[in-house]
Amino acid sequence: MRSILIINSGGTFNKVYNRVTGELEIDKSGKAIEQIAKGWLTEFKVINVVGKDSLDMTQSDRAKIAETIKGAEENRIILVHGTDTMHLTAQYLSRANLDKRIVLTGAMTPFSINPIEATANLSSAYGYLLQLKENNVYISMNSRIDLYKRVTKNREKGYFQVTL
Amino acid sequence: MRSILIINSGGTFNKVYNRVTGELEIDKSGKAIEQIAKGWLTEFKVINVVGKDSLDMTQSDRAKIAETIKGAEENRIILVHGTDTMHLTAQYLSRANLDKRIVLTGAMTPFSINPIEATANLSSAYGYLLQLKENNVYISMNSRIDLYKRVTKNREKGYFQVTL
Amino acid sequence: MRSILIINSGGTFNKVYNRVTGELEIDKSGKAIEQIAKGWLTEFKVINVVGKDSLDMTQSDRAKIAETIKGAEENRIILVHGTDTMHLTAQYLSRANLDKRIVLTGAMTPFSINPIEATANLSSAYGYLLQLKENNVYISMNSRIDLYKRVTKNREKGYFQVTL
Amino acid sequence: MRSILIINSGGTFNKVYNRVTGELEIDKSGKAIEQIAKGWLTEFKVINVVGKDSLDMTQSDRAKIAETIKGAEENRIILVHGTDTMHLTAQYLSRANLDKRIVLTGAMTPFSINPIEATANLSSAYGYLLQLKENNVYISMNSRIDLYKRVTKNREKGYFQVTL
């Protein structure tokens, strides 16, 4: 059973420019993931939940994400999430003992501004999951993919690193 | 030892438009892979060899690719290759018994025309290799990643499929 | 009366990549011009005719273009055309004495590969026409806009120049 | 004497995404205009001044822009400016009686997010100036190009309109 479920909870990955307000805002409908599927000549199973910037994520939002993962028939989950609190949600999911293979990913740059990073973060998570054997919580950012505790955001440089 | 070597042998992945001739031609310098590394906020180790359209690949070109793989210190190899004879080169490398983990990838659409597919094919191969345990020859195209014999090009539809 | 009619006759401007054949082919439906209108937050009146590479344009195609211009209620016309025989069509239209202000434009690079040149060639023709007072035939390519005889393609360098 | 000077004073046209802060900020070095010149296969003469969001423009900034225009040898000027106070700067320049042909332009969407509007606004201003005979102050936005008093921003819809 190879099927992978993508749960899209928002974050910079999904931000789009609103020319009336001049602001970047989260597209809750998941168009970025649709465009990746279309360009990659494939199809994804996607559930959009929460739809927030990661700084606005509450424990109740995390509970909703955990419920969605628990209720899914798939054992392999990609969770698209904002980068600032990705480690907190990863920790939350780890403590929830979901007995699944969960990879959190996201992007430092919105897909709509430059599609490379978002596309590569998501698809490297996808490839990783196809061979992953152990249930646990992982992070896939900027080519670093490992157990969630080892992949952390370098806030000054603006990318993720592995700390062993 | 997680390091991955990318060997770039050409193909549609690397094609760029030449406005003087009006033709698409292969960029042998590997700019597409450089741009993926830059956008992904990471670095790759890359060797550019052959630099051909896959229909022009000869057995001597395949021998050169096999030599490059054999001579590399890395056990994990991504080979960027044209799609039309990807299966022939995969077969050649399989018969060469290189005792490495080799994933062939490429693109139906040049990175320079639409970056999504090329970026996703390469980075899903990357993620797959990070968890792959068995030496063998694989193909990563359009989210289908498996032993090379199982992933084949559907010439009418213009994408790769898994045949089990 | 400021209204401008765009007549789209094909050429590199309209080429798109076909991933099944691996070739660039002319999109006869005019999607490139639609995308320019959408991005520019405006609307165009467009007629698609002929839909050919300029090397394939015949005198009968030119007659059809001249008829379309003659039959239009607009006095201001932008003709999107391939670059290789743009000067021949311009000459044809000049000899047809249409008593209109006609600006031919096109692109060395397809809009679908890099939108800058096609967008700038078309919109500079648009701005030029808004202030143009004399009926005649003009060319707008690569920021050079003048009477058609003065703007010629430099085939080695791959752009248009003014020869005074 | 056909030469046109581009004065770049900032605005949304020049905004770029900063992945460390997650904010859009003005690139004062004028890379957007450089990329338009490169893609259009042409060269521009450009002066970068002020480099501000138009809401932050002061009368002293406007005085500096007027000085730059006055001191230029060119009679034809394109001023790239933020959209929110474009009309105030246009009025200021009109009252300064500079005896030149000045076209203000800008963009609702940053060039770096979607290049179509910025490219078309600038190049339509360019084409307009090539045929413009009367010294005065004009605005070129979203295909509407006219005396500055007639082209105004529709804040709800997010584009410029002509009010006659």
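Which chain is which? They are A, B, C and D, in the order written, and residues in each are numbered from 1.
Rule of thumb we're sticking to: contacts are C-beta pairs under 8 Å (C-beta built on N, C-alpha and C of every residue); 3 or more make two chains touch, one makes a residue touch a chain.
This one's a predicted model, so the numbers in the text were calculated from it and none came from an experiment.
K.L.:
Same or different for chain C and chain D, where same means more than half of the interface numbers show up on both copies?
P.N.:
Both copies, chain C as well as chain D, present the same residues to each other, with over half of the numbers appearing on both sides.
K.L.:
Just give me the whole-number Å value for how far the CA centre of chain C lies from that of chain D.
P.N.:
Roughly 26 Å separates the two chain centres.
K.L.:
Taking each chain's centre as its mean C-alpha position, how far apart are chain B and chain C in Å?
P.N.:
It comes to 39 Å between the two C-alpha centres.
K.L.:
Hey, how far is the Cα centre of chain B from the one of chain D, in Å?
P.N.:
45
K.L.:
Residue numbers in chain D touching 2 or more other chains?
P.N.:
Answer for chain D, listing residues that touch two or more other chains: 108-109, 114, 158.
K.L.:
Got a list of which chains touch which?
P.N.:
Applying the touch criterion to every chain pair yields A-B, A-D, B-C, C-D.
K.L.:
Can you name the residues of chain A that touch chain B in the complex?
P.N.:
By the definition above, chain A touches chain B via 35-36, 38-42, 108-109, 114-117, 119-133, 140, 142-145, 158-160.
K.L.:
Which bits of chain B are touching chain C when the two form their complex?
P.N.:
So the residues of chain B in touch with chain C come to 12, 17, 19-20, 22, 24, 108-110, 112-114, 155-158.
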